[in-house]
Structures are given as C-alpha cells and as structure tokens.
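Note that chain A is present in both complexes that follow, paired respectively with chain B and with chain C.
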Partner chain A sequence: MSVPSSWWIDWKLSPGALTRETAGRLVLFLLLGLFFLALVLSGGGNRFLSGQWTITAVLRFSVPEAEGRGIAAKVSGLAVVGSAVYKSPEEAWKEFTAAYPGLDSLRAAGGNPLPGYVEIRLRPDRLSEKAVASVDAALRPLPQVEEVLTGGKWAPRILRVKRWVNAVFWAGFGLLGAAFVAIFIVQEKVRTLLHAADFAFLTERGVSSRGMALRRAAAASLCGAGLALVSIGAAAGTCFLLDARYSFFRTVVGPPLEIMAPDAIVLLVVFLIAAALLSGAASLIGWRAALSSRR
Partner chain B sequence: MIEAFRLGALGRDGTLWDGVDLSFGDGEVWLVSGPPSCGKSVLLRILRGDRRPDAGDVVVGGESLFRGARDAVASFRASAGMVPESFPSGAFAAPRPGMARTVRDLFRLSALVAGPIAATERQRREEELLALVGLSAPDSEAGTRPCGDAHAWELSSLSLSERARVALAVELLRNPKYLFADMLVANAGKDWTDKLGALFRALAREGRTIVLAERAVPDRWQVARTGDPAASGPFSFYRLGVPAPEPKRSDLEWRPDDAGGKEGA
Partner chain C sequence: MARGALIPKIAARCALAAGVCGLLALAVLAAGQAEAGRAGTSDSLTRLRKEKSRLTEMRRKAEETAAELADTIRREKTTRDRVGALRSKLARKRRLIERIDRKLAALGAELERAEGDIRELEAKRDQTQRGLRGGAAVAFYRMKDRAGPFPTREERLRRFARLALASESGRLSRLTEDKERKESLASGLERRLEVSERTIAREKRLGETLLSQRKAEEKALADLEARKKRKEKELKGLRARVARMESLVARIERRVRDKDRRRTAVPRKNWPSLFSGVAGGLVSPVAGRVISRFGRQRDPDFDVVVENHGVEIEAASGAPIRAVGRGEVVFSGSVSGFGKVLIVQHGAGLFSVYGKAASYTARQGQAVAGGEVVGRLPEDPDGKSVLYLELRAGGGAVDPASVISLGRH
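Presenting the complex of A and B:
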C-alpha cells in the first residue's frame, strides 16, 4: 500500500535539507572522482616514471639505419613496451652536442664517434623489474646490439620507490574515501534522528521499519551512483581542460583520452558500484546508529 | 469487526485490568470511558496493535492480531487511523530550533502512508478536511497566527483543540477503515462535541468503525451502554446511535455560521 509513494522518503520529508546535503556530497564526490581518475590515468607514479626512464639498446657501428629501425619496430611489438624509437648515429651526435656544447672537435678527429641506438620506454602500467628483464632478455642476444642500458643497480631501487609512492597515493585515496563514508554515515544518522518522529508516525501506521530502512538505503545507493557518475564526468572534463592548458599534465597524469581504454572503464565501473554500495551501507549504518542512540 | 477476548494488561503496579471482552462491529461508533489512569489509552493501543496484550487476544475480521500472521499487525495499522491524546508532540512539531513543522508537513507524512495520490486531489482533500474540522483560514482563532493558508500554520502554534482536529483531519486523509481516537472529543473542546458526533456518525455510515476513549460521555450524545459489566474491566462501553439514512456530504462540511464562538486552547 505504501511502497510506491514512500520510495524517496527523505526527499518527501525534507526536500530542501536533502538538496543541500546532496550538493555537499557532490562536492566530496567531485574531489574523490578527480583523485580517482588521476590515479587511474597516471597509475600513481607510473606514468611519470615511465616517461622519464628509458632502456637504451646501443647498436654496433656496423648496423645500418634500416636494420636499426627494424629492431625498433620489433621491440615496439613487445607487450610491455610503450614506445621504441631508433636514433641514427647522426641524431645521437646532435643530442650529444646539444647536451655538451663545445665538444664538436671530437668529430673532427675521425668522424662521428657515436653509434645509433634504440630508445625504449615501457608502458606505465607494465613498469616492473620483470618487464625490464624481459626487454633486456629480448635485446641482448641480438648480434646488432652492443649493449643494453637498463639502469643497472638503480633500477630495482627506483622501482621499489615507485611501488611505495603508488601505495601512498592509493592509501590516500582510500583514506579520503573512508573519511567521506564516515561523513555520509554522520549525515544519515543526523537526518534519521531529525526525522525520528516522522518515521515513528509511519511505522505506527503500518509502514514496515525494515522496509523503510531498505528503501532509504536503495535510494541512497542510487543517489551515490548518480553522484559518482556526475563526478567522473566532471573529473574527465577537468582532465581535458588541464591537458589543453598545461603540457606537464600529460607527462604526469596522462592523456585524458585513455579514459576510454577498457581497463580504465572497468575501474570506473568499479568506482560507481563502490559509491553506490557504500552510500547504501552508510544509510543503513546511520539508520541503525540513530535507532540505537534513541533507545 | 474488532473483537477482543479475555484481554488483560499489566501496569507498573501490577494488573491494570483483566478479562475484558468486547466486540465492535463495522459501521459502528464506540465510546470507551472510564476513570483517569484506568488504562483507556492502553486498551486503545492494544486494539490498534501498538502494544501486545499481557493476556487474551484481539481478532480483526476473523484474524488474530497477535497470534496470527506476522504482518497482521502492520496491515491492520495500515488500514487504521490513530489520533493520540497528545499529538503532535513538541519533538514532532519542532525537532530542532528553527525547524518548525507545519500542517502541510503532517498531511505530507500521512499521504506517504496513504499511497499514491495526485497532488491536486490531495490538495482538494486536505482543504476539504481542514474545512471539515474548522481550520480553514478565516475560521481560525483570531490573533494567534497570520491569516492565510492553514497548511502553512506551524504545529507548535496550534491550540490543543486545533491540534486534536488537525490530527483527526490528517488521519482522515488516508480514509482509514478503523479510527481510534484518544481524548479527541475532550481535547477538541465543547464547541466541537456535537460536530464531531455528527462527523463520526457520518463516517460510520460509510462503513468505518470508530473507537473513542474519553473520560466521560458527552452530554448531548445519544449513546447506549452495552456489554457485560463483568467483562468490561474498569471501562464502560457505549455505542453511539448511527441513523440509517444515507449521508449527504454537505452535512459534514463545516460552515462558519455553525460556530457558536471560538474554542479555547
């Protein structure tokens, strides 16, 4: 009898207060959504590190340019490799002289002293010791390759630091999410206490208390999912704006279009589902807490 | 039909009453009277399913309220209206400073229980009911609040009589099949005794069962005491005569010239 009209029971009881509360939650969700999207795109420190850190395969002097490009193309095909670019001896010389001006005289003695090389960057999401080792193992046996530079003894340390940085970022995200859930629980509890007399009125007139709690939780879940969706949309828009305005954004966070990648979409769906479930849970916990405190 | 068999209730100091039998038929108005603190409110709460009796059982429409199906009480409550002795309470009227509830809020709450009602239909019924209980704007107690839409009146500003009548109107919005009212006639004031009697008779003619708890029987009501005194505990059960003719809606509507004066708070 009472189900259809009392689905959005809190909205019917106090639309103004609920609107303000929802607006507040939207702000929190916007913060969380932006944080989450930045983490998904960047992988924490992965994007920055993979942009800065290259594996260099130094080729022998005798390797012609076409062969060098062929090696680069083959390396690009490895699953862990983001990009592999062949640099000819001439390009290598230009880079050298740009980095160390005034050493032009070195070439006068006997031609270009630098060989060509292949500059390899790993995919941000695959950056690990195992990936470095697999690239090293693929290149080292080649007769055209003189040497493979992977960072030596520093590589494991840097990768360990990267893991810590990522853990700190995700822990920060988790803490922020937990803090917001705690705020939602308090909001739910206060609202339930405020409307305790209303709920008692309804219960005394045959509306099931359990049903009311579940309907409120369902409504809170829907609201949470909706707010999360809006926040992700707004965060994506913000990423596009920042990317257009600041060049470092792409280096640190990544290209916003990668939001459309299947892995990212799966994570965003998980975010929406988690937002819905936690909002519903907050509603139920707030309801129970309010009832307990009234007893 | 509401029937009770060998009902008993315990109070703080022992047995409040015991062995009460009663039978209230559909389309009847019943008045339960008794001395102060004899447990009239408790009886009403038990009959409505708000409190489990310490002895006996209540049967509504042939089904036990407390020993039958689990949802029997909830479904019975959904079809029953309740006007408590003190309602709306202070906590309800203003749950926190600056958040005063209005008559509109109370109707909105009742409409939640009633199920889907179109907004215009609800508005029409609310206005009709407010007029029925003498709470349309021009008829309100002068000087107590700004004139205007009675829906906007704050509950905390209402007099005792107005609160009782608002509570009645709010319950009637849901068209309850059963109506329980605790001290409603006394709280509504002398000026409303006859009008409420007429209203209850009209409601009974529509097939509703009305159960009133009052300390005393209103003087001008034509009532007949019934029931076995030995099975009535401390209560006296009176049945209000309900004439047979079909009711005319206009009989129920309250007109300003019906009022003999302003009722006190």
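Presenting the complex of A and C:
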C-alpha cells in the first residue's frame, strides 16, 4: 500500500475547519500586511515629519531672484535633500502676513522688510541630525546666505520623538505579529488534538511522526506565504484606494507607488519569508504541544 | 658850462636887485620921514605915515583873509572828501543791507522747508509707531491663542517678524534722527535769522547815522562854500583897496623923494663920502673874503657881464653878522633871490642891506650899534657860507669896499 500523501492531510481530514481557519488567517494577514505596508511607506513618523520639517536658508537682501533659484537648485542636488524651493521676498511677505494678519502697515511705510529664502525638505528616509547638520554646513559658508534656520532647540527634541514614535510603531507591528503567531500556534494545537487519532493510526501503520510534522509545517509555510502575498496585494490596493480618496494619506503614509521601490520590495520579500517561517514554526510548535498534552 | 643854467642865475640876480629896490623904497619912506621932519614937510610925512600904517594894516588883513580863504578851501576840500567817503560808505551799506535781505529771504524759505520736513517726519514716525504697536499686539495674541505652526516654520516666521520689526524699528530711529536733525537745522536757521535781523537792524542804524552825517557834512560844505565866496569877495575888495593905497603911497613917495632929492642932491661920485658921517664909523659885517665884487663884473663861469649892486663875502658857516654902523632896522623879512634880508638905516638916505642870512636877531624898528650882532650866517656842510652886503646912499648903490675895510673887524 502506498503511503497516502500527508502534504495536505489536514485538508483531507477536515477541509471545512481548515477553510474557516485559513479565512481567519487571511484576515489577520491582511491587517498585518496593511500595517507593514504603511510602515514601509511612511517609515514610521518619518514621512510626516519630513513633510513638516523645513530647513530655511534666509538670503541676504541683495541676492537677486535668479541667484536664489540657483542656490535652491544646487541644494536640491544634495543626497539628503528631498526638495529645495526658492521663495521670493514677495512670497515671504505673503507667508508672513498670512501668519500675522494685521501687520500690513509695517510694509506700507517703508517697503518689503523681508528677504527671499530657500525652503529645504529632507528625504523621509534620511531625516536625522546628521543630515540636518550636513545641509547646514553646505549652506552656511555661502556669502548669499544670511542665516540657516534648522529648528533651533526643537530639532533634537523632535528627532528624539520621531525615534520613539518609530519604535512604538514597529513594536506594535511586532506585537501584532507575535499575537498572530500565538493564535496560529493555538489553532495548530487544536487541530492536531482534533486529528490525534488519525495521526496515531498513521503512525501505527508505519508513517513517520516526524515526517508527518514536517510535511504539515511545510504546508503551513506555503499557506502562510500565500496568505501573506495575498494580504500584501490587498493592502497595496487598499493604499491606492485610500490615497485616491484621502489627501492626508500621502502626507502621512506616502505615495503608494513607492511600493515598487527596491528597498520596499526587499522588505516585502522579507515579510513574505517571515510569514512562511512563522506559519511553519507555529505548525511545529502546535504539533509538539498536542503530543505533549496527550501523554 | 651849460647855457641853460645861465638864464635862471641872471634872472635870479635881476630879481634880487628889483626886490632890494622895492624894499629900499619902504626904507626910503622911513628916511623920507626923517628928512621931512628936517625939511618941514611934516604934513606930507604924517599923511604918508598914516597911509603907510593903513596900507600895512590892509595888507595884513588881506593876508589874513587870503589865509582864511586858503584854510576855507582846504576845509572845503576835506569836507568834500569826507562827503564822498560817506557816500561810498552809504552805498556799500545799502548793498550790504540788500544782500542781508536776500539772505534773510533764503533763510526764511529754508526754515519753512525744514519745518515742513519735520511735520512729514512726525507723521511718518506716528505711522511707524502705530504699526509697531499693532505688530506687537498681533504677535502677542497669536502666540497666546493658538499652538502655532510646526516649529521650523514658526522659527522662520519669528525670524521674519524680527526682521520686519527691526526694519521698522530702524526706520523709526532713522525718522527720529531725521526729525532731530531737521529740528536742529531749524533751530540753527532761526538763530541765523535772528542774527541776520540784528545785523540788518544794526546796519540800518549805522546807515541812518551815516546819512545824517552826510547831511551834516553837506550842510557844512554849503556853509564853507558860502564863506569862501564871502571871503573871496572880501579879499577882492581888500586887494582893490591895497592897490589904491599903493598907488597913493607911490604918489606920496615920489613927492617926498622929489623933495628930498631937491634938498639933498649929492653928486653920485660923493655918495660913498656920505657914509663917513655915520656916528662911530663903519665895520665889516663878517670876517671873510670878498668873492663877488661891486659894479659891472664879468662872470667867469658864464662869460657874461653882470651888474652887482653889492658884494658877497665868504665867511665861516654860522658866523655872526654885525651891523656895519649905528642905525635903525627898517626891514626884516624874506626877499626872492636873497633869502632872509635885513635893512638898516644909518641916516638920511644911508642904508645897509644884508642878505642870505640864516636868521636875524634884530627886529624891525630896533636901534642897533655899529658892530652889534644882528643875525647869523647859515650852517653849511663845507664850513663856509656867503653874506650879501649892499650899501645905498642917495637912492643908489655904493661899493661897500670903498667905504668899509671888508673882511676884517
């Protein structure tokens, strides 16, 4: 008699239960995938912070507009810089009066008292004290630059908060993943106990218990990887949907197209592998736990 | 010897002779007076004396009037000069006052401009201060009421606010400085205006004084001109009277001389012997040597014959001059060509004439003894001076060497 294939033994033994269980796991993977994708795109608080954090190079009054634009173009070429935009004295005045309405009289008497400036935003993935210092060091020696504003005393505080926020996000993701693994282990244990008689029958007829466990783990890994892939795809679709509907999504999370960036793809592959490994591990742990409880 | 120099010399000698003759005419009058006493012509002499005295008085008066006239003319000239100076000074003052007036007008306009600038600056300063107060209030309420933008933008806006307020504050201080400078300028202008007004008032006062001075000087000038005319008229009258008197005296003189000639007609050859009657004899007036003799002499320098009525005696500079005999001084004064001349009458028709002296100690009318010092020769650097001596008897000149041993005392 040929040994029946034990790759899908659980499916053969109880397809209904396994279907329900897999649907549940899909939901969990969807949540985890969405969380992961959001973290990958946003870098935690980096995306939002880099959108808000600006380094201002205040130019001298004598600097003409063309020269200001040239400086902005040069600054844009720095590796850590996401964008650098020249703002004319008129734009500076508009921003100022928008922030402090009622001060028009200051200009009425003696012309525009504000100079032009260059507004610099760092790349979200390079937002750090070192990057800020490098931009400051590049701008400060320029004779056209009167002053470089980098946030002053707030800069280290905000960057510290950013680190904490990122840690919290990733910790949350880790906890969620751990919780899901725990759930998977319980599911595997329960299923193993449910089919314990069947597994014992097979063992008595010469089927290796160890091999059976490994084959079940491999099947679980494949299932986990598949579910992770589906969930990532669904999460990406969700991101595109949210980005289209909510403008703040791009500000807080980032443009969904960045999923195609090499760094993001690597992370997604890691996510898939991790999902497969953890699913297999949960199967093995559940198997062993079921055997221990039967003795 | 240049011929040109000869004529003035001869002319001087002729003038000398004529002058002495004129002087001797007066002396003859005096001599005539003495002779008339003896000859019984007392009426004519008395009248002659009176007329002579009147003539002398009139001449003195004419001289005084002429001197007064000269003085008046001199004063008139001085006054005219002063009036001219006052006129030019007044013109200068008028130009100065016009210049100050123009300056005052310019200063006034500048002051008005400065005051306008100050008013404008004050308005701008008020506007700036209102802006600053408004800005401060807005900034305060915004900071109070809302959390504010992201810190980096907040930092930029704060920087902008500082720039705007600093600019406004700088403008305010500039306006304040401008205002203070303008006020200082206005104050300076006011001070200059006051000084100019004081100056113009002073110059006007001075001008009025000068004007009154000019009027006074013009009045004085008019007085002087009137006085001059009066004096000229007076002088003219006096001269006419003198001329009439001289004519009268000449007539009397001729009459006395005729009488005297008739009475004491002495042959010319006996004229020197008349001096032998002088009491006490005759002495030489100075110790020296005769360098120019009496009568017709050939001048070796000019190679001409000249008629000398006297002799010239060279003596030591400053030597005393003595009277040749006893007599009375009838004339002492200056005669053209002779310098200072003294005439002494020694008796009826006898006269000694001394010329070219430095001074005479004897006065007119004084009696002198023979050998008495009557004067002094002039000082000369070469230590020698010359005395002119002429003796006259019977209306003609006598050779002094024929009656006096000249050169010895």
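By definition in this document, the second predicted complex is superposed on the first by the 291 of 295 C-alpha atoms of A that agree within 3 Å, B and C clash if a C-alpha of one lies under 4 Å from a C-alpha of the other, contacts with A are read in each partner's own complex, and residues count from 1 in each chain.
Quick note on the criterion: contacts are C-beta pairs under 8 Å (C-beta built on N, C-alpha and C of every residue); 3 or more make two chains touch, one makes a residue touch a chain.
Just so it is clear, the structure is predicted and the values come from calculations on it, not from any experiment.
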{"item": "Clash-or-fit label for the pair chain B, chain C on chain A", "value": "fit"}
{"item": "Partner chain in contact with A:9 - chain B first, chain C second, else both or neither", "value": "first"}
{"item": "First, second, both or neither for A:72, with chain B first and chain C second", "value": "neither"}
{"item": "Contacts of A:34 with chain B and chain C, given as first, second, both or neither", "value": "neither"}
{"item": "Contacts of A:253 with chain B and chain C, given as first, second, both or neither", "value": "neither"}
{"item": "Chain B versus chain C, judged by how many residues of chain A each one touches", "value": "C"}
{"item": "Once both complexes are placed on the shared chain, angle at chain A toward chain B and chain C, C-alpha, multiple of 10 degrees", "value": "170"}
{"item": "First (chain B), second (chain C), both or neither touched by A:101", "value": "second"}
{"item": "Partner chain(s) touched by A:197 [first = chain B, second = chain C, both, neither]", "value": "first"}
{"item": "Three-chain overlay, closest Cα atoms of chain B and chain C, distance in Å", "value": "61"}
{"item": "Residues of chain A contacting chain B in one complex and chain C in the other", "value": "none"}
{"item": "Footprint of chain A on chain B - complex, ascending", "value": "50, 71, 74-82, 88-89, 91-92, 95-96, 99, 105, 108-117, 174"}
{"item": "In the complex with chain B, residue positions of chain A that touch it", "value": "1-2, 4-6, 9, 12-13, 194-198, 201-202, 204-208"}
{"item": "List of chain C residues in touch with chain A within their complex", "value": "124, 127-128, 130-132, 134-135, 138-139, 142, 149-153, 155-157, 159-161, 163-168, 171"}
{"item": "In the complex, chain A residues that touch chain C", "value": "52-56, 58, 92, 95-96, 99-103, 105-110, 113-115, 117, 147, 149-152, 154-155, 158"}
